[in-house]
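Presented sequentially are two complexes of chain A, the first with chain B as partner and the second with chain C.
Moving on to the complex of A and B:
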């Protein structure tokens, strides 16, 4: 469904040019969960942001193609891209407190997605928001709707953000460290939520994380990234049971209990 | 030798006040007894909101305990005034979760460490002490001249640790100190903490929600739930043989990334006490 081909991203560093992402190839099939794993600074988040062309202006995509359902996202005009962002491809960020706008309520922010991407009326939107919050396991959606982001707990905020991400029935969710800020019991619940959403909504997930343990329990395929390159890729079980690259082995080592 | 002893320590925070209604209290730390022996690292685990951070802050006297005794080196610090406690505070130091907000951006690393050093020791040999501390955490002496923003998260956390070390603390409270770091850097910092104990006579109180991280460095683990310690045992023992349902839930989440169907949500009785189940494995009744 999504096919990243030879993606290269560079940044000017004084007189030098630094390569952040060096020729990354990454296919994501339909209804697949693909884990993109690496340490901090490996270029995994940059790759994720490049898909929706959300990179800051200093970072230049120098070559490569990102093919999404036959369309090259890197070549398509900004106007068309706006119709894809949030609709066909949406994002879940690590820190929902920063990702949400603090001065709007949850329902206003989820409503904005619906207003822009669907033809629902005001009343239908309200129903849909409550339905969405229900889907992500929020028990009292009516109250949460009226709340501002800071009034919710960390786990609730993350759920609300996932609700926003699935609002317009996307085909792909890019989840960047979606559980790294949550404690272990909440993390487990969010993982289960992702799993059930994939089955119910038939979507694909690109899971960006440094935690191989998380990937082991959620992803079908895994790509290990180090210094801007993908060093190992394959079916999750195969890679984790028999890691061939030294960096993958090191990552495996530290998450062992 | 006993380093720190908490006896029946309590800290309640008042909740929102409503007209004519009695104030509801959040029982952050609810009659906790806990002993830390010198050289024996203790891990404090629990969900967010279980009171583990409040407990750490009580030991630092950043909060005042409502009742109970906090005995550090044979002295009850909970009864001391701030002025009386100040000379003793160097014995307990804390490393915070977020290394981006816990280091003053306007100070050089030298300035940050010197400020701590100045509180605890005479000026003589200060530079030598700072150099020793920065090298002990695996950074180069040249780092002393640089500012916090020039460092990565893992390096900043090392600087925060070095800042504590110059004071020669007996107890170092690490409050989610590696949670914001990626797994490889986490591992490095944990290895560093282990090796530091050979150079400095320091004991760790390691506060975290991550059992996997805690077991790597702690001899003992205490599980906290709703302000109470519900289970306490040697690390290997608690991982091999968890007895309390809440501990079991934490373990399933940490190791199998699975949540249980019915999360543990029972109130703990007023008069519950930790009972020894043999082998120093304590569970609340």
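Moving on to the complex of A and C:
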């Protein structure tokens, strides 16, 4: 469904040009969860943001193709891209407290996605928001709707963020470190939630993380990234049981401790 | 988990509660409400129209309202008639004619007017029958009631501040928002334009722009021209500050999240970035309204603003530019007091709003 081909991203750093992402190839199939793993600075988040062309203006995509359902996202005009963002491809961020706008309530912010990407009326939107919050396992959606982001607990916020991401029935969710700020029990629940959503909504997930444990539990396939290059890819079990690249082995050792 | 449902206040509701506890600011708030109320319903609260003149009564002193008759009995309020004579220096002398009594009538029909420009009405709060005149706060050189002219003048002086601020803040917010959000060349260009406006000393720019406006404009056109001129000058400084705030706001995660949601740049600026500058903007708005009122008064004072017979506090004051007038008719300084009162109220409210909107200020003084 989504096919990244030879993606190269460079940044001008004073006089010399640094390459952040060097020729990344990453296919994501229908209803697949693909884990993109790497240490910090390996370029995994940059790759994720590049899919929706959300990189800051200093970072330049110098070559490559991102094919989404037959459309090259890197070549399509901004206006068309805006219709894909949030609707066909949405994002879940690491820290929902920052990703939600602190001055609006949860329902206002989920409603915003619906307002831009669906034709629902005000009342229908309200129902849909409650339905969405139910789907992500929030038990009292009516109260949460009225709350501001800072009034929710970390786990609830992440659930609300996911509710926002699935609001317009996307085909792909890019989840950037979705569980890194949560404790272990909450991580397990969010993993469970992602699994059930994939099954219910038939969507694909690109899981960007440094946590191999999370990948082991959730992802079908894994791509290991180091210094802007994908050094190893394959089915999750195969890669984790039998890592061939030295960097993957190193990552595995870190998890075991 | 029984009990009453928890009520959540947002930042502004909390700020309003804090504002309500500030007595001085609330008093100023009510004073402003009263002033605006008087101005809006000026036709009702005044006995005469702003251009109702009677030159015999030039600089007539304030009329005394009596509630006791000659026998010392309480009666309904009345005023005595006035006789005008001239002394050996050809100065007017006002004598009370005890034999002429005019009762002050309340809620009587007078000249027709329209409430808020729509509903026709004739009722005025109080008046006296002709040929008696009631000059609550004295008369001006043409024998027009200063009280009536003051209230009518408030319409111009008070509204110019609000409308001017609204226009210049809209421009300032949008330009500052765009400059801050996009950065780069757009930012450079917009900021240089701002600096051009800020470089020119304000009042000279005001005069120059006023000179561009044709001299034969009617009063409404002049009024609009003054508003436009004032807003033209006012936006630059705000735009610079908003731009600075936006530069830091655009790096926040929720802006990236909003872009990932598929919002357009303009929607992000207006819905996600500018609301964060609101607590600053509201304070700035309150503190800059006096500037507009003073600027209009200044223009009108030197005769470039609202023209006679229309009244504004500035052009009412222009009568008070000679020592003779001030000495013999000190009441013509009253518009100055009203300007002072209004400006002070806005400043006090602005300061109070800053105290309750800006969390940094809460640490100081009382907890």
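Before moving on, here are some points about what is shown:
Here, the second predicted complex is superposed on the first by the 256 of 257 C-alpha atoms of A that agree within 3 Å, B and C clash if a C-alpha of one lies under 4 Å from a C-alpha of the other, contacts with A are read in each partner's own complex, and residues count from 1 in each chain.
As a working rule, a residue touches a chain if its C-beta (ideal position, glycine included) is under 8 Å from a C-beta of that chain, and two chains touch if they have at least 3 such contacts.
Worth saying up front: this structure is predicted, and the values here are computed from it rather than measured.
When both complexes are superposed on chain A, chain B and chain C fit side by side without a clash. Once the two complexes are laid over each other on the shared chain, residue contacts for A:254 go to chain B alone; chain C is not touched. When the two complexes are overlaid on their common chain A, residue A:93 makes contact with chain C while staying clear of chain B.
By the touch criterion defined above, A:112 lies against chain C but remains apart from chain B after alignment on the C-alpha atoms of chain A. By the touch criterion defined above, A:213 lies against chain B but remains apart from chain C after alignment on the C-alpha atoms of chain A.
In the superposition on chain A, A:44 makes contact with neither chain B nor chain C. Judged by the touch definition given at the top, the superposed model places A:83 against chain C, while chain B stays out of reach. Between chain B and chain C in the chain A overlay, the least Cα distance found is 10 Å. The part of chain A that touches chain C in the complex is made up of residues 49, 52, 54, 57, 82-87, 90-91, 93, 95, 98-103, 112-113, 116-117, 146-148, 151, 164.
Contacts from chain C toward chain A in the complex involve residues 8, 10-11, 183-184, 252-254, 256-264, 267, 271-272, 275-276.
If you check the complex, the residues on chain B that touch chain A are 47-48, 152-153, 181-187, 209-212, 215, 239, 249-250, 252-259, 263.
Those residues of chain A lying in contact with chain B across their complex are 39-41, 153-154, 183-189, 191-192, 210-214, 216-218, 250-251, 253-255, 257.
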